[in-house]
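In what follows, subunit A forms one complex with subunit B and a second complex with subunit C.
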Partner chain A sequence: MAKELAGRSVQEMISEKMQSKRQGTSLERIVPILLFITAAVSVLTTIGIVLTLIFETILFFNEVSLKEFLTADKWYPFSETQASYGILPLVSGTFKVTGIAILVAVPIGLAASIYLSEYASDRARRIIKPIFEILAGIPTIVYGYFALTFVTPLLIKFIPGLEIFNALSPGIVIGIMITPMIASLSEDAMSSVPNAMREGALALGSTKFEVAMKVVLPAAASGIIASIVLAVSRAIGETMIVAVAAGSSPNLNWNVTGSIQTMTAYIVQVSQGDVGYGTTIYYSIYAVGMTLFLFTLLMNFIAQFVSRRYREEY
Partner chain B sequence: MAKTMETSQSQTERQTNGTGSNEKNIVYKTKELNLWYGDNQALKNINLEIIENEVTAIIGPSGCGKSTYIKTLNRMIELIPGVRTAGEISYRGRNILDKSYEVEELRTKVGMVFQKPNPFPKSIYENVVYGPRIHGIRDKKILNEIAEKSLRGAAIWDEVKDRLNQNAYGLSGGQQQRLCIARCLAIEPDVILMDEPTSALDPISTLKVEELMQELKKSYSIIIVTHNMQQAARISDKTAFFLNGEVVEFTKTTKMFSKPDDQRTEDYITGRFG
Partner chain C sequence: MKYIDDRKVISTMKPRMARNMIFRSLFLLATLFGLLVLGILLYRILSQGLGYLDLQFLQSLPSRRPEQAGVYTALIGSVWLMAVVAPISLFLGVGTAIYLEEYASKNVITTFIQINISNLAGVPSIVFGLLGLTVFVRALFLGTSVLAAGLTMSLLVLPVIIVASREAIRAVPKELREASYGLGATKWQTIIRIVLPAAIPGILTGAILALSRAIGETAPLVVLGLPLFVAFLPKTVFDIFTVLPMQIYNWTSRPQEEFHALAAAGIIVLLSLLILLNTIAVFIRNKYQKRY
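Showing the complex of A and B:
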């Protein structure tokens, strides 16, 4: 091996480079500052949004009592004579749609992820994974009209009592929308389970399905649960699909075949109409927005708690 | 057909070196086994007989087909796409390469311990009872008995008896490997295959696993792949020397390490080999 390269040793070239780095304003010093600024901007914006939400929410509660907001069973903000601001009907609307979406998405999404990570050939995986990404990129307004003009008429054939606007159809469609997300993220979690574990289980006489259910699924539990929680947050916050296909009747009941209103759809409804600035209705969208925010925050905490609790070290 | 049978038979006899085995205590009889990874032949005309309650060591340089052979014995080799086999491996008189031989059944009879310990990310207890559980044993009392017996059998009971519900990954590498042996013992197999089970362990853990094998061979037949000549000499009854996918010599370990028949064997065990 020649120690000299073009007359100089590698060590000489390195020390020259080190020398020039040390002199002048190096990029090394500016980069962390720039990065800090970008991080700070996003944090500050978030804080600003939360503060606005809090202030406007306080203004709302100057006019409506917290007790009424939490316990009244009617949401009649537009009534001139007997306006009622009980959040429960809107919450129930959101829960109905989210619940249906989860019932659709979790079994299908998990089954798909087990298929992809444990059974599918490389070729099938290479074809299916990008399709999931395409599905995730479809604008939700498209899903909304898909619910209204395709799924609802289809469901009416089987459920005669189904109204044009209902919780069932947008619930199913939101489920379809979040399925690829659960499938894709859960597949990532399962694929990262080391093969040595599968071999250990197979060598004990497990079938492939037993390996998937008893070894891979538990080992990937934290990632899978995180994917489900993320999908639930998506469903809770979903706006266009419910605004288009779920109707605008806040009702507190267990019925999923009739028109409902979710928290998000209510906010859309108010911001589309010509509600005067400073009215109670105007502030109410902040109170509803705050409630929504608390729910997603809660989901985030659950996700963190669960993934810590179920983390299987390997 | 009859003729080929005859030649393979006589070859088998030669290779097993006529060590007074009768049909009854033969666990595995490998006849003219050939194996290809795609176009690449990894095993060539293997003939071997594994005898009950013996430790059979497989030695040979890297890439000679030791892992390939041992993985064929419980058909784990099938997990690799593009593998083809020809010939016969009869286990207790039935050809396991026959597709009608149910692989799950085979693997409940033939346990395997891997090079790197691979416990499940579950508690120590759950690791041990995994096998019995999937094979339908639900009774809590029986499972507890199995767990204690297997952990004792793998010489790790005293170290873990107070922490059965802790995650297996909290154990040291040597303890994990003995836990994997316990997991394997829990389904009471007939044969235990071990592919370099101590190569990831420190000398003290290695010694523990070796002592354990001496104990285990009273009730199990053990086939072990090892790169450690001393280990092969210490623990095995018979040794097979593999080279380039062929069995060069298969004989009693004492003979193999004192006066081997083949020059290549001697070169290898004395370290005069590539």
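Showing the complex of A and C:
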């Protein structure tokens, strides 16, 4: 220390420090800008998605009328002579699968979340919750394999008319896939209901079941509904399970035992074939993707709206 | 005289208690259903796939003959994908998290960025595939290369890393920052030397979760047009390649039973990779997590 001092005056040392500090301040100024740019990437991604979908969809609608897209009841893009682009069969396929998934996932997911939040001991919760996390983390292609090689053969034993590719099996498996999501999000909502409310009801002589049904469920309703809406959104966008197990025949009917095609599965089918760049079929996947995007966006907005608007404050 | 009629109490309470017990068991059954499904799933995959799983399976190229086919190119492809996704998504995700937690003021732009991130997390993965197809594969002429797939996947997992990193940064106590300022450190010095090291376990855990999402995802890669059959390894990030989920998808969609067994063996490899990643995450969380 003393040695360093020897050559220079204190004044020189201060000015030296200031010099390096000035370099520091320029860094201090650049960094927030750089970080803002990284934050802008996520916004650019959204803009990129929207612009991509809009531009390619416009190219699609140069060749196919919006009226045909929205009202025609046949989706036959591969027919050379009578190509028909009506989105309804694909939407009905998606809704069939999603509906079955919700019928499976909502009762099981809600029951599991009530058990975890109202009945389970801390130890049971610590064991069960990670298992649900594992279920939620399994890649969807694995569920697809499970649907095709296990659930479908199992269902065929009970339902004689069931085809190899059908809406039922992927619907059930998507339901299994989104169950952990409903269970864990709903459990979060129920756990945040204050204990004082439970204790008040218990003191009035309620059973635990009555507390769960008449106090906790209504109080946590916004969170529960939001979790279900988010699960619907996941089910609509699910791709690999339906691509593997649901078949590739777009049909507009109420039949769930036969082969169907969802919006996502159609995009996969076209991506895998040798469809030329710039053809109507090529642009059609963007129009279908746009429809899919709008559906899921709507669901996400509803979920956010419900959880914000109807949240009970304690 | 008795104020409480025992018989009356019992007669009204009994059905209510019974209902409570019945529903308790029903709720428990529903919870155990998840356990049951996981058990069946793992049993099915192991019983079908273990027969094909050996060193030769890991070292062989894909083949039309099931007994010779392997996952070598797909496994190495998945590692390549991770090597591209990890640095890009980590850089962008942590950068965004630092900006939002440390620099952003509460204004319209910040709120917009936050809403945008939570909406991005809800966009189906296949739509990211369409974005990647237009922007990376076509407009930037990257083709179905490692880089095109890696960039697409980085954007897909970005929200996961951002959310995890924000939580980790927020959990660093204010006192640490103030002590650093008190010693004369600038804001950036405080962030890089105090906040980030303290937040690293949380950030890494989130990054590993994001990576496991990236290597398990199939749909966007199908849309990008990744080939189902690749007989060579990529040498640079501009080469075409395939990944484990694509290979599994390829084998699953064939009608022959032998290929289904191969798919099961491929799934075992994929799940082992995921378990490995998650074990590392748990290890990091337990070893480096500090309590303040």
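Note that in this section the second predicted complex is superposed on the first by the 278 of 314 C-alpha atoms of A that agree within 3 Å, B and C clash if a C-alpha of one lies under 4 Å from a C-alpha of the other, contacts with A are read in each partner's own complex, and residues count from 1 in each chain.
Keep this in mind: contacts are C-beta pairs under 8 Å (C-beta built on N, C-alpha and C of every residue); 3 or more make two chains touch, one makes a residue touch a chain.
Owing to the predicted nature of the structure, the values given are computational and were not obtained by experimental measurement.
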(Q) Touch test for A:219: subunit B only (first), subunit C only (second), both, or neither? (A) first
Q. Does subunit B (first) or subunit C (second) touch A:28, or do both, or does neither?
A. second
Q) Touch check for A:58: first (subunit B), second (subunit C), both, or neither? A) neither
Q: Applying the touch criterion given at the start, work out whether A:207 contacts subunit B, subunit C, both or neither, answering first, second, both or neither.
A: both
Q. Which partner, subunit B or subunit C, touches the larger number of subunit A residues?
A. C
Q: Could you tell me if A:38 is touching subunit B, subunit C, both of them or neither one (first, second, both, neither)?
A: second
**Q.** Overlapping contact positions on subunit A, where the subunit C interface meets the subunit B interface
**A.** 207, 210
Q) Where on subunit A is subunit C touching in the complex? A) 24-25, 27-28, 31-32, 34-43, 45-46, 48-49, 52-53, 56, 107-109, 111-112, 114-116, 119-120, 128, 131-132, 134-135, 137-142, 144-146, 148-150, 176, 179-180, 183, 207-210, 230, 233, 236-240, 243-244, 264, 267-268, 271-272, 277, 285-286, 289, 292-293, 296-297, 299-300, 304
Q | Of all residues in subunit C, those that touch subunit A in their complex | A | 16-17, 19-20, 23-24, 26-31, 33-35, 37-38, 40-41, 44-45, 48, 91-92, 95-96, 98-100, 103-104, 112-113, 116-120, 122-131, 133-135, 138, 155, 158-159, 162, 186-189, 212, 216-219, 222-225, 228, 245, 248-249, 252-253, 260, 263-264, 267, 270-271, 274, 278
Q | Of subunit A, residues touching subunit B in the complex | A | 194, 196-197, 199-207, 210, 214-215, 218-219, 312-314
Q: Report the residues of subunit B in contact with subunit A in the complex, numbered from low to high.
A: 74, 76, 79, 104-108, 111-112, 114, 116, 118-122, 130-131, 133-135, 167, 169-170, 180, 183-184, 187
